[in-house]
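Order of writing sets the labels: A, B, C, D, E and F. Residues in every chain begin at 1.
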Amino acid sequence: MHRLLITGAAGGIGRIMRQKLASLATIVRLSDISDLGEAAPHEEIMPCDLADSQGMRDLVDGCDGILHLGGMAGEAPSSQIVGINITGCLNLYEAARAHGMPRILLASSQHAMGFYRQDEQLDATMPMRPDGLYGLSKCFSELTAQMYFDKFGQETAIVRIGSCFEAPRDRRMLATWLSYEDFAALVHRVFKVPRLGCTTVWGVSNNDARWWDNRTANFLGWQPKDNAADHRDRIEATQPMPDRTSRASIYQGGPFVEKPIVHDL
Amino acid sequence: MHRLLITGAAGGIGRIMRQKLASLATIVRLSDISDLGEAAPHEEIMPCDLADSQGMRDLVDGCDGILHLGGMAGEAPSSQIVGINITGCLNLYEAARAHGMPRILLASSQHAMGFYRQDEQLDATMPMRPDGLYGLSKCFSELTAQMYFDKFGQETAIVRIGSCFEAPRDRRMLATWLSYEDFAALVHRVFKVPRLGCTTVWGVSNNDARWWDNRTANFLGWQPKDNAADHRDRIEATQPMPDRTSRASIYQGGPFVEKPIVHDL
Amino acid sequence: MHRLLITGAAGGIGRIMRQKLASLATIVRLSDISDLGEAAPHEEIMPCDLADSQGMRDLVDGCDGILHLGGMAGEAPSSQIVGINITGCLNLYEAARAHGMPRILLASSQHAMGFYRQDEQLDATMPMRPDGLYGLSKCFSELTAQMYFDKFGQETAIVRIGSCFEAPRDRRMLATWLSYEDFAALVHRVFKVPRLGCTTVWGVSNNDARWWDNRTANFLGWQPKDNAADHRDRIEATQPMPDRTSRASIYQGGPFVEKPIVHDL
Amino acid sequence: MHRLLITGAAGGIGRIMRQKLASLATIVRLSDISDLGEAAPHEEIMPCDLADSQGMRDLVDGCDGILHLGGMAGEAPSSQIVGINITGCLNLYEAARAHGMPRILLASSQHAMGFYRQDEQLDATMPMRPDGLYGLSKCFSELTAQMYFDKFGQETAIVRIGSCFEAPRDRRMLATWLSYEDFAALVHRVFKVPRLGCTTVWGVSNNDARWWDNRTANFLGWQPKDNAADHRDRIEATQPMPDRTSRASIYQGGPFVEKPIVHDL
Amino acid sequence: MHRLLITGAAGGIGRIMRQKLASLATIVRLSDISDLGEAAPHEEIMPCDLADSQGMRDLVDGCDGILHLGGMAGEAPSSQIVGINITGCLNLYEAARAHGMPRILLASSQHAMGFYRQDEQLDATMPMRPDGLYGLSKCFSELTAQMYFDKFGQETAIVRIGSCFEAPRDRRMLATWLSYEDFAALVHRVFKVPRLGCTTVWGVSNNDARWWDNRTANFLGWQPKDNAADHRDRIEATQPMPDRTSRASIYQGGPFVEKPIVHDL
Amino acid sequence: MHRLLITGAAGGIGRIMRQKLASLATIVRLSDISDLGEAAPHEEIMPCDLADSQGMRDLVDGCDGILHLGGMAGEAPSSQIVGINITGCLNLYEAARAHGMPRILLASSQHAMGFYRQDEQLDATMPMRPDGLYGLSKCFSELTAQMYFDKFGQETAIVRIGSCFEAPRDRRMLATWLSYEDFAALVHRVFKVPRLGCTTVWGVSNNDARWWDNRTANFLGWQPKDNAADHRDRIEATQPMPDRTSRASIYQGGPFVEKPIVHDL
């Protein structure tokens, strides 16, 4: 790949991917509205607001692939959900359509499916059940990707990221953890397979206690290597046992299912 | 029911429902941004813009049920899709939440599923495949309804309306037609069952050639009576045979799947 | 058929079937622990306690078919559930095995599945979810039937009776009603098909609002004719609207899901 | 339609369709190796052996639609199955490909699925289980149709004919009967829908006791009107009760499952 | 956990678990009707008959978790099946309900599903098919667990134990073997997850030839480590090849499917 | 096993299996129409044309197991497909039926399913979609196997071989590769399990990117050990990226889906 665009490159996952994906393209174009620091020799820094339609077109111009991490990465008021995540998603897909439809890896979220119970096993075909406005915006993005594929042939890997951190932090992450290494390996596979289509992947490591079945994405050849169970003893020893009757314990979305809706549109 | 709100009451379906649903409530509150004419004795007219958050709260106040027909009823530029349909949907659900969560019948559309083939039989659990920005906004509305049910218990009947006209107009409507009578009967059932939950119903008459299976909504007790096949001879005699290789002939969304995306946000 | 045995013939359904099934066999043998009145010319009356193993063998001797309506027909203390329904079921199947394995129609109940929600559509293959000790005894009977079929070839029609009355009595019965005529027609089909196997049938009329799908039993050729919707206006006019948040409104078992367990073994 | 070809037009079903389909096309071309009698004014008679590759090309030339009834219509030695049914099928599809790919209605048979049990409900997606060489040749034909659709876009309606007679003749036909009227109506629908694709239809009337579910072919708009149950009393009064433990009673293929294989290739 | 109760602690599996689970609780309360030997410092010995309702209440009092291994562990006459397994199960669940509903691991058995074929792959949602009275009592226990969860919230892990021995003993156990280590690890997971619900787990090691799919129980985080294939060469060299047409070879229940029913109630 | 027959023993896979399976039987009977070289001490060489019905009977006589690799192993004109593969298959099964029904491993092919997309995950129950005449003949062979099992009890392992080579050769084989070692191990399992039935197995190694799910064949105890991903770096470095819009890139059959049909019957 000649030029890879990373949006949201100043965020928690973006900063790590910036390091790990250096080998994936000759040039890595980084974008965010926060400060991105100094560009390395193989990097280009182009700040851009997702809500700026023309700016997004310029940003995408010349790129062969896009890792779309940008947008609000958690529950937020409706003005931001609509003004940033939803508008930004439409801007991105229109920009891609205007510039040769480079392949997109769309960072979706488990919160598009947060109202399934923790004792349910999900695959990629089950109906969406978002757990708030953030989840709703991720559903919208996934469906935008599907529509641009059906209508125009735009390829996307929809990655429903679980909990992407250095290590699992609580009992729920024994199921949902995605290691940085495994995510980086997934990004590689997404941009290397001959044909991607519009494919949904659960972004989760090879955890013993995972809730999600990735069989339909086998063709990517991605096999996550890390396993949250390697951290289980530490977590079970140090983290409090949650109340099993709370909604946060019952549903996959965890604390998100209990967050309030803030509507300020 | 004491007071039923109908949004979009000046639209094609709204005008008919205004007549047919008079017996459903003591007072019918009608709203639209277009002219609604004179109020009948049992009617209240309250013009309101869906994008007006406070106006929507006032509109919903005091209502026991809502028939939500408002919004752009066909493909439209992204500014209208986001500014009216998506914003309007959030305004509606927040208004309902603020005023006792009256039951909602949400007019969704077959265009939330327009990229399935015409030789596929769909049920209510299959993944969404919108055929444009309009379809995308309907998906968003359906998922908003689901989220408000999962999170707050707000009840909604999501009705994926096929083609709601006096009679079927072309060969595709032999599958998709929904008669006015059948729709009115559905509205009655939705507001009369003891418990509704968040239920998806295909808004289609009892057409021999229907593509959609409503078994999961049986509990409503709705049995459509009309059948587009009664109009088949006329239509097959007068309507041209479409090109069977066109995308409009292949996919359920028909001409919608070929409409361009206009992005003006 | 030469001789049909009806157990529980003094019960609510038993008394009606005694009248309606006279033509099904040359001799109808009636059994119950309650008084059965005078025998008609084509009838034999043989009182028998289901818990009496030897008595049951005598009762079944010489019969070509069995309509097993006997046992506690509602929630009951565990001593009766075990002592009558469970013991009686084992006695019946052993008696049948000892006497040529006459075909059995086993009156099971919707309460074997009472903890599904009222907005769920069930078929015959879904896991059992009994709503109390009575439902549990019906599950046990169904599984006994299955085991005797798998092991010995004993044929049974397992009929999960909904609400078998002269007419539907409340809103829930708009879904669950089984008319006497439809049940009698089902009994006829069960004893007339060449091969029955071990087949589960939902005992429900052709109600618009039914929750249950009988497709897997199509081969019997039973098509119920009555429809609780014909009684809907009366019921919706006269019966109070239940609290939609009560468990009795949420689950198919209705009031049974709220009944206490009485354990006196 | 200008010219419809009927192969096997001298056979049992062919003779009836010759009468009933006169209105379907301006010219009906009839073919068989048996005598076809006099041509009516709207008819052309062209005898042809299915095994004659060039003859088949000539036969198909100029036709807009093909009703393919030709071939051995029951169990036969392997030389005939391969030499007539399999070879004939390949000849037909190559002839169609050479002449503009006119739409084909392929007469397949329930015997492609004869080893399912009579208490199983089948749909069009279940794995094939042929009950002999004849059934095997029908499977081959169905798969040829599928391959020519996938590879070249050739449209076919695969019709798995049950028992197509004036009236049902035995207890098994209470499930499998297809009336002449219903079959003729199906032929009409197949040639009138705008897009057919490669669609499997169970050729069965609206029998109470049918084993087959046609939902996936709803889009054709075919609703069979006849019901073998109207003949049930006569059949149950006059036909002997079969031995329920025989394979012919257990499996859908009936007596075919017990026929020997004759291998003379 | 403060106090874990093990019923059936003198049985084959119970004796091993007594050793392996010492670390799981501060106090392990052991119960059986057979002799349990000396109590270790961390142990309490409380003999109890499962059929003794009051005794069972006393036994459960003060326990935080229950490993229910008690009852007849193989085919038995109906008087014992009803008097011990069924009655004992009701006694246990009532005792648990009376004492704070401690979590239960219920030892069910593959014999609840013994009449599936050995070439079928099962998951936890398939209909039960018990292979005798013992299997029937296990079905009853599973459904009791489900009912107490649906009705009262009582949590249970239903473990369908395959063949729990030191090592696999015959060819069938290449599929069904559960090692002691793997079972002990499962017990740990069951009592350590924050929320259990009512979950069915196939109690089987990670055998190459296993028949059972545990995906729906992934959330427990249990990954069995042993594999019967490590014993395959020995078994295939020393164990006779069974008759492949015997029912014991065809069905998963093995020899159980051929055992007689002894009815002595 | 006393005597194993290998047909097609001079072919690409046959030559390797001849070496690897020497230990599987006392005598290995090798057959082909091509030269088979010298017989080793444990070998018998019996040239035979698959189309020779009597020759095939003689060939099978005395064998306890058959590895059927013979026939055209790629796309071919219809005369060869019918004359060799289809006729040969019937000859083989009739020969087996005449001689005690020795167990058969039938080499089928992924090309029986070639028209599924590469982003679809298949299991053994999905409808066949052959990608040409070769694929069609493999479907025919699979269904012949099924029919001989249903009708006569003949056991077969239907192995849908992916790409069986020393190592994967192109990007598509990252999904489809079957190593020689894994295939040989599968042959061993097929002939060693007590009961085989008629079972479909995907012949594919444990490749990260495999498209096929073998769960339903778990009972064989076959666990492939090789993984095409071990060759991924080499292949991705040396093999050209295919055009992602070509049918060969979209469908599982790869180049086969684009091969012409040659009809010369």
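Assume a contact is a pair of C-beta atoms (placed from the backbone, for glycine too) under 8 Å apart; a residue touches a chain by one contact, two chains touch by 3 or more.
Nothing here was measured: the structure is a model prediction, and the numbers come from that model.
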Chain E and chain B - chains in contact with each: A, C
Pair in D-F, B-D or A-B that repeats B-C, with over half of contact pairs matching by residue number: B-D
Comparison of D-F and E-F (more C-beta pairs in contact): D-F
Chain centre separation in whole Å, for chain F relative to chain C (CA means): 51
Centroid spacing, where centroids are CA-atom means, of chain C and chain E in whole angstrom: 32
Touching two or more other chains - residue numbers and ranges from chain A: none
All chain pairs that touch each other: A-B, A-E, A-F, B-C, B-D, C-D, C-E, D-F, E-F
In the complex, chain E residues that touch chain C: 53, 78, 82, 86-87, 90-91, 94, 97, 115, 125-132, 135-136, 139-140, 143-144, 146-147, 150-151, 257, 261, 263, 265
In the complex, chain C residues that touch chain D: 153, 155, 192, 194-197, 199, 215-216, 218-223
Chain B residues touching chain D - in the complex, by the definition given at the top: 117-121, 171, 174-175, 207-211, 213, 229, 232, 236, 241-242, 244-245, 249-250
